[in-house]
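Across the two complexes that follow, chain A remains constant while its partner is chain B and subsequently chain C.
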Partner chain A sequence: MLRRALGLLPRPIAAARARSFSTDLPAAHTADATFMEAWNKVMPNMDPPKTPLSFMHPRPPTPSSIPPKLTVNFVLPYASELSTKEVDMVIVPATTGQMGVLPGHVATIAELKPGVLSVHEGSETTKYFVSSGFVFIHANSFADIIAVEAVPLDRIDANLVQKGLADFTQKLSSATTELEKAEAQIGIDVHSALNSALTG
Partner chain B sequence: MAMAALRREGRRFAPLISPRPITAVRSSPLYPTLEDEGPLGLRHISTQVVRNRMKSVKNIQKITKAMKMVAASKLRAIQTKTENSRGLWQPFTALLGDLPSADVKKNVVVTISSDKGLCGGINSTSVKISKGLHKLNSGPEKETKYVILGEKAKAQLVRDSKKDIELIITELQKNPLNYTQVSVLADEILKNVEYDALRIVFNKFQSVVSFVPTVSTVLSPEIVEREAESGGKLGDLDSYEVEGGETKGEILQNLAEFQFSCTMFNAVLENACSEQGARMSAMDSSSRNAGDMLDRLTLTYNRTRQASITTELIEIISGASALEG
Partner chain C sequence: MASNAAVPFWRAAGMTYITYSNICANLVRNCLKEPYKTEALSREKVHFSISKWTDGKPEKPTIRSDSPEE
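Let's turn to the complex of A and B:
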């Protein structure tokens, strides 16, 4: 009960901060002023095109103290799985090994490998299997996870994983060219990661 | 305007057609086939021309209505996809910023357009923006090339900047768009062109009737590193720890390529969505216009018919009264 109350507390503060941030900076200021100027010089009778920055949700500046929650954006090409969701911790499968991210983590750019991404929120844990992608951890306790493909772990069929693993192992042994070998190796990597995610 | 055109037509045809064949066509028993010829084109205006025109306008209206329906159903499918893909580029912009004013040597303008026409001004807008960017980034020691997606921008750009076109890709929307397809395409572009900055020009979908011309900039890893070292807007990037990979350059290379494919994916979807929206509103206004035109034509047709009936009646009545008197 108390823990929940604590969790609720920082939210209005964060919201207020976001609002003051968006009113402090009018939309025109977010766009690149030098670009606008140069454009108006070259093409005076046409409006300059918009740039992505003007469509961007503003990000808060780095707070002086570490916020209690981590704000996570987890995006896929076809969906935004988590959008500015506040969680306690995420564990991401970086190429250098599993990496736990807590609020106040040092700013990091990391590449992802096939593996399990778990999102811890209170006592609940959501697990996804991600294929590949990137994770950016910002100094303001924002974490952006971009994956090419991700599925919740409970939607994976263990039998098909075994079958795929066997298939690719066979392909690797029969591969002749470098390309085929590399493709089979990727298949094996993904399937063994899937396998260990399911069993482990 | 249509009435004026019709009047012109009537005047033009009147001396050519003698009244006799026209009266022969009329199967009115009251109307004598052989009668004294009155002033040309006064009583016997042919309604055939108006009727033909009405028929063709009605057919055009049917076609535009059907096209509107098709565009509406396609729009609904692609709009959800587009809205879902909007989260994809935001992390990159948060990390690498947005530097449309980056001053680099090799610029590549990626113009995204549609394959089919009849969709309002979206293609000419993106072509105009691309030309503006070309002008902006040209100068001594600088070169700007075009990469064109879609038939329509190709047709417009081939005319005056043929020598600057590096790559043309068409028939993008034959199959429903997906990420795999777009990343293959992005790979193709990255393999074939050398770049310091890629500027993707597309129309961002806002609502069915409005779209916003937008340019996204993707910088090459070397430029990103240069900008980060020199401070400025990308100065924050140096404070990030880079995990994995052999060197920072390698990660930045992967990052730039991934950023390009993600930005492209969103751009292609946004543009396809704007295209369907623009087509829908264009077809809506043209079927409404056809309806208006049809109304005016019907009015003219009925008036003419009514006038000739009245004339006939007057003739009969005055003839009868002349006999009586």
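Let's turn to the complex of A and C:
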């Protein structure tokens, strides 16, 4: 029985080495050969239908040397704030802390907490307050930042922030169920982040 | 039963990520300065019309305008 188990061991390892990583780019999309043959037999004069894959732009390949700029896509559900914009650096408010992303950053997926996102291009910095979201950094120095709500800092009203902070601190002390406590805690987190964004 | 991974406090309280994210977004929207605030809140308003069906036929639809979920 042991010998059979030992015999089984090398196979998965060999298979794993042969299988490519999910972060590697897939082979460039080529039309399916058998489909094309069958199509041309039946309808030689008509162009074959395009599949969704053929409409997609392939991901730009990972360059061998680190590119000089980071390409950022910053999207919201209702608008595309930045679309393939080339920048020097972005600082994102990840749950693990402020994370600086430079070109050549290792591929990462990070969850965002309420905080300030700053985009550095040359000598200009644009800051947004992000409510929550995710950032996907790809190996080819492309960063996709997705947020539910993001506002430039000058649109935030400091009085409402203070009022909200006081309200939720009071709600936390009077909360009874776990859910109420969680909601009050979220309120406190968001408002304190807004506060430090305005003062920091 | 103790949980193995460190779960965020909202998940421990039974909230899903999407609920958490929507609450955060609403709180941020409520802290905006005036023209932006009304813009944002009206952008997020949801209107839907519901009609109940009985015996294979729809009854008169009712229109509901729910404010976004808190």
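Here is the rule we go by: the second predicted complex is superposed on the first by the 142 of 200 C-alpha atoms of A that agree within 3 Å, B and C clash if a C-alpha of one lies under 4 Å from a C-alpha of the other, contacts with A are read in each partner's own complex, and residues count from 1 in each chain.
In this section, a residue touches a chain if its C-beta (ideal position, glycine included) is under 8 Å from a C-beta of that chain, and two chains touch if they have at least 3 such contacts.
Since the model is a prediction, treat every value here as computed from it, not as a measurement.
Judged by the touch definition given at the top, the superposed model places A:53 against chain B, while chain C stays out of reach.
Of the two partner chains, chain B is the only one touched by A:34; chain C is not.
Once the two complexes are laid over each other on the shared chain, residue contacts for A:78 go to chain B and to chain C alike. By the document's definition of touching, both partners, chain B and chain C, reach A:148.
Shared-chain residue A:185: touches chain C; no touch with chain B.
More residues of chain A lie in touch with B than with the remaining chain of the pair chain B and chain C.
When the two complexes are overlaid on their common chain A, residue A:156 makes contact with chain C while staying clear of chain B. By the touch criterion stated above, A:42 is placed in contact with chain B alone, chain C being left untouched.
Contacts of chain A with chain B, set against its contacts with chain C after fitting on chain A, overlap at residues 78, 133, 148.
Contact residues on chain A toward chain B in their complex (touch as defined above): 32, 34-35, 38-39, 42-43, 46, 49-53, 55-57, 59, 73, 75-80, 83, 94-96, 99, 106-111, 133-134, 136, 138-139, 142, 144, 146, 148.
Listing the residues of chain C that touch chain A in their complex gives 9-10, 12-15, 20-25, 27-34, 36-37, 40, 43. Partner chain A is touched in their complex by these residues of chain B: 81, 84-95, 97-101, 128-129, 132, 135-136, 178-179, 201, 204, 212-217, 239-245, 251, 254-255, 258, 262, 265. Taken together, the chain A residues at the contact with chain C in this complex read 78, 114, 129, 131-133, 148-149, 151, 155-157, 160-161, 164, 178-179, 181-183, 185-187, 190-191, 194.
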